[in-house]
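The structures considered in this document are given below.
Look at the two complexes coming up: chain A is in both, with chain B in one and chain C in the other.
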Partner chain A sequence: MIRDVLAKTVALVIALVVVGALAFASPLPKDVRVLLQNIEVYIAIYGIYVISLNLEVGYLGLPQFGKVMFLLIGAIAVGGIATKLVLLIYQNAIFKAMGAYPLAKISDYCMYYQYSVTSLVNQMLAQNPALGLGYFLFGVALAMVLSAGLGVLFAYPAIRLREDYLGILLLVSGEFLRVVTYYATPVACGVNGAVIPDPFAWALGETRTLVYFIATSAFLIATFLVFDAIGNSPFGRALRAIRDSETAAAVFGKDIVKFRIRVLAFASAFAGLAGALLAYYFDYTILGTYLPIYTFIGWTMLILGGLGNNVGAIVGVVVYYIVQTLLDIYKNSLQAVLHADPTYLAYAIFGLAIILVLMYRPQGIVPEKPVKTIDLNKVRERIQRKIK
Partner chain B sequence: MLEIKGIVKQFGAFRALDGVDMTIERGKVTLLIGPNGSGKTTLINVVTGVYKPEAGRVYFHDDGKTLDITGWPPHKVFAQGIVRTFQIPQIFQKLTVMENLLAVARGQAGEGVLNAMREGRWAKQEEELAERAFEILDLVGLGDVWDRYAYSLSAGQMKLLELARALMAGAKLIILDEPIAGIPIAQAHAIFQTIRDVNAKGVTFWVVEHRIDIAFKYVDYVYAMASGRVISQGAPDAVAKDPKVIESYIGG
Partner chain C sequence: MASKTLWIAVAVVVVVVVAAIAALVYKPSAPAAPTTSSAPSASTSTTQATPTSTTAASVKTVTIGALLPLTGSLQFMGVSGQCAIQLAVQDANQMFASKGIQFQLVVQDSACDPTAALQKLQTLYSQGIRFVAGLTCSSELSAVKNFAEQNHILITSISTSPLLAVPKPYIFRLPPTDNAQAKVLAALYHMLGIKRVVIVYRADAWGQGLTQAIINETKKYGIQVVGAFGYDPSPSAMPAAEQAAVQKASAALGTPGPDAAFEIISFDQDGAAVVQAAMNDPVLSKVRWFGTDSNVYGTAIMQAGGQALAAAKFMGAVASPNPDDPHYLHFANEFKKFCGHAPTGYDPYYYDTAMIIMEAIAETGSTDPTVINSVLEQWGKNGTYVGATGPVYFDQYHDRQYASYLIVGVVIVNGTPTWINAGFYNGTTGQITVFPQGQALFSS
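On to the complex of A and B.
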């Protein structure tokens, strides 16, 4: 029911305003606020990522083991394509200042002067916020379109097969794309990593973080609204029916392949959006770092929060970042106690958490709720009155 | 309505169906009996597209047309108006009883990903479907548990849910795979009475059932299978007396 979805969305908006106020306009010490600001942007971005994963895993039961691929595609769209577009737009100015066209010899650009070129570009973008915004939206839209297309394309060979084959194919596809694009320097400067011009170059320091917080929060709210609306519709119900029994769903008229394609395209687009936001916020990307672990961090967040529930997806992200941040803060004191490097402690703790959750609370922190389309109680009462 | 010709289905070296011919008459209730492993469920799986046969054809006669539906994928068979239940209930476990029915309704506007976001496009249809679903649940005796999760039902209730779901799907031909297995006698009779009531409204039934003492009272025509072949057919009384049928049950 759209009314319920809107109520949840309003609650999300209020929560974001409150934590935003805490991080940007509260009397908390500066270092605490900076920490909060950073976490909040990450939570918003990963919130989008995990909500889209929830449609695939929680609703459809699709073993999406290649999820990180779309963070990667988002990074390619921004750091590999949108960045080059901006360089093209400013190429004459760059030529005048540096004596070379940036894209004439891409390997030299990547190795020697992308930092100086980007700082020049940022100065010009700071004078032209409208172009910056256009460049931002272009990168985001491109990431979504590419992710939707490639998500379906990579899954296609196994889309008719049993889930496990599809899961393996998706896992391999992500790794394939990562390795190939990482070693192909023209894509996004390969091992050097691509420096990304800042679309909001006019905003400095804390203002920049605030702009990103607002932008990522807006996308998170939109994503939640869209995914919770389609989740609480006959479409969402059909997905869950397929998840629970593929054979029965097919016999009752559901075209499994069609539903898989729709969900993959839709969810991948939004994961690509998360990838683009991450790349812009970071203003640097190195494609080799998009390892499968980020797929499973997404799964961890979702399993902790609650499979099949979009609120749970966000809660899972929040819990993950709280634990992760606490571990980071107390790293040194932990090291003294453990007499060992606590860097990998987070993995151990989340691994243990998943096992415990699956054993004792498989539904997660916020359990799945029945799909809410219309008020069934009302229909029930009406029918019972009719019988009497 | 349904014409099955020379169906062969092989699993490795085992020939589960060995040239089966069968006709399901429109407007009738046809029963299929046979000992365990005689190929009844396999035949249903072939007809509904779950398995593809090695040889033979399945024809569906409807609206004066004949369609060769051999090897069609399940959702296309469904689109023609053929619906089935499962011997071992294949209900949607983590959906409620009500959702199990709503999920199988035909032609839902809200099942497209773009329409899903626009409630105005499907809310009215959803209300109508919910009304029909409540009526069906009351008919089979699941009206009181409509909002329970399906996994929490008893085995007997799951069987009833299978039946209710088949009725909800608005089919022309309903294939029931052992609808009364494990159901108490009085309720089993009630289920067959429901089948007859729905049949009176023009829905054709094809029922697989072991409990022939009950089933024979309600059906028009009977096929008996053994070892992947049809060994006898005719009116219930005639098949009941056929020595080949008796032998297959005792010997099998």
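On to the complex of A and C.
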């Protein structure tokens, strides 16, 4: 089992190295390489997001319709908390340069001075890469902790209820948090959005993208390793048992509520990590844009790739991004063939793809396989040897 | 041992990636010259994607991009703006045909979503496109700012947020910032003897920014903003959110009077909900009403309460050249023929976002964004470019300055409430000129 997980992880590492080399050190035209570089970063971030969704939906059968909430919490951790911490650290230098403390009047800062202050902070972070790294890791860790806590908190009222009630509660919780934080300026500059200092301000141009590619790939590899190990552990097998028949699992002594809480906390933490990475990568976040569509994009990726296995989750993300990018590039050409407005083409194609996959290949591109466990005879032999 | 499925999955990914890269590297050949005799529908994209190239007939083909909110909350602006940009491309192809330059347009939907905007910009970049017009939302511009700067993509935008009044190489904003509109509105209040103003505004970046700017500008005239009440502009909150804000505004204003005014900072649809709530209010229905560049000329707001708007002598300001300006008149006529309706709000600005780029390319013969950036900076100092929105001057942040505003109001014409051009605010002199048809709106 361990060897299987490690082999898959090694395959992922090799794939990332190959596509990384293609994007950063190949003779492809620069404009194509730049697109590949950025798509790879998105795939790595959304890979983490969809793998975490897979644990909830694919392994446990939890109706996670509020997944975008954790991207939002990640953005709040970075744009609303970690950013303010850096501003506090540099507040005296900012006061010297601009004559005002940035957080003294948050509404003015958000509306007028964010870019000037952030530009100054970036210059200072460029001189202090260690602090930049600390700020990056703090934001990431905070996002994970907050997401885990809030994930359980928001789901708790319906954690014992039937799946549909829990799904609706999670969906509503995501919207509730989005609307409340979007209109609260102190959280992350509300409707203006938060400009985020760059933790890797020392890296410019393509180097910056390379740093983000390495960072996001490392997190993706770690996420894959952890989630695949969990999925193939006794814990993972218990999750599948609950998914397939809650009643049967309960009869065998499995506490369904405890499993739900653990999975929600663990998966939410990693979705929060994806949200934090996205916010850092963009240097900017506006909380009002974390709409439920991002939950359903995650579901689309997962359904296409295959539920209940992490390879399928990553394949779904890759296929989604490649198809979407090709559609963006060629939709105007397709318009001539289809004689239709291409604006909604991507929505139509992905909608159709989901219907077709669910009708003809509900297991997705990469189907779930039974978990390999150690042969019972080998277990008996080991026990016998120990007894002797 | 890794499973067979894993290796199948890896093989699928490799094949898909290789196919995708091949598709990316492959550039489709240039299509035939676009037809210009018929107007395309406002919701369709135009010509095929092709990077800068030279055809056999020595006609240089330059492709520019447009990133517009064709879906989402600002779809109504994006769809109309797309038509304005298509018109600009058609005009440029006629104007600069003698120079051997042919322009093509590739349109992407940004949905007013920063994440989508950046991804679409990266897609345009991969197609060899280095000039992008029409970015609408300030949040989108914030998200793409660094990528555009690092990769030398020249962007022209209609964003107006004061937050982005910062150095931003390769990005130019054609409309003035919201501070300029606030100046006009404050001057208008002052001219009409207003001393107390209550504001109801969309609680988004634009609404909040403009409200704050009005509060700042009115202080200079000794005018008091007695209250400013935001509402959630999402359609799901309509009309309850607007009604609640109007009730608060009414209570804050207290008593009606000739020195009091009600300012509606909204778009068209949500503005209609505000008007419906305010027209029966005992206080607000007895004072003057003012609007903004995003609700004047609106059809929904007019349908919701045209008579009430006329009774309240509703007026708002739209950044615009003088309506008698020949450039604007030409644009307005062409736009109506091409798009099938009169230009509203930001349409002339969308037109200029594309035309200023194409004119700079045609005049210099260069498709280097760095060169065009310098040219636009120089033109912005001298006001060299004169487009549908008049002469364009840029400040040190590449934001429009000296913008003039048309003052638009509602009067009853033949028994029907009608939008009219009531006056003109000259951005250079700061003077308001009242047109003969607008006299009734300016009388006490």
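The criterion applied here is as follows: the second predicted complex is superposed on the first by the 363 of 388 C-alpha atoms of A that agree within 3 Å, B and C clash if a C-alpha of one lies under 4 Å from a C-alpha of the other, contacts with A are read in each partner's own complex, and residues count from 1 in each chain.
Methods note: contacts are C-beta pairs under 8 Å (C-beta built on N, C-alpha and C of every residue); 3 or more make two chains touch, one makes a residue touch a chain.
Note that the structure is predicted; figures quoted are calculated from it, not measured.
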{"item": "Partner chain(s) touched by A:S333 [first = chain B, second = chain C, both, neither]", "value": "second"}
{"item": "Partner contacting more residues of chain A (chain B vs chain C)", "value": "C"}
{"item": "Touching partner for A:P367 - first (chain B), second (chain C), both, neither", "value": "second"}
{"item": "Partner chain(s) touched by A:T207 [first = chain B, second = chain C, both, neither]", "value": "neither"}
{"item": "Which superposed partner A:Q127 touches (first chain B, second chain C, both, neither)", "value": "neither"}
{"item": "Touching partner for A:N92 - first (chain B), second (chain C), both, neither", "value": "neither"}
{"item": "Partner chain in contact with A:Y344 - chain B first, chain C second, else both or neither", "value": "second"}
{"item": "Which of chain B and chain C A:L36 touches, first, second, both or neither", "value": "second"}
{"item": "Doubly contacted residues of chain A, that is, touched by chain B and again by chain C", "value": "none"}
{"item": "Residue ranges of chain A in contact with chain C within the complex", "value": "3-4, 7-8, 11, 15, 19, 22, 28-29, 31-32, 34-36, 38-39, 42, 107, 110-112, 114-116, 119, 179, 183, 190-193, 195, 204-205, 208, 278, 282-286, 288-289, 311-312, 315, 318-319, 322, 325-326, 328-333, 335-336, 341-344, 365-367, 369"}
{"item": "Chain C - residues contacting chain A, complex", "value": "1-3, 5-10, 12-14, 16-17, 20-21, 23-25, 28, 41, 43-49, 70-71, 106-109, 113-115, 118-120, 122-123, 125-128, 138-139, 142-143, 145-146, 150-151, 161-166, 203-205, 207-209, 212, 230, 232, 234"}
{"item": "Chain B-touching residues of chain A, taken from the complex the two chains share", "value": "1-2, 226, 229-230, 233-238, 240-241, 243-245, 247-256, 262-263, 266, 308, 368, 370-371, 373-374, 376, 379-380, 382-383"}
{"item": "Partner chain A, residues of chain B touching it in the complex", "value": "48-50, 73-75, 77-79, 83-84, 86, 90-96, 98-100, 102-104, 106, 108-113, 115-117, 119, 122-123, 126-127, 130-131, 134-135, 146-147, 149, 165, 169"}
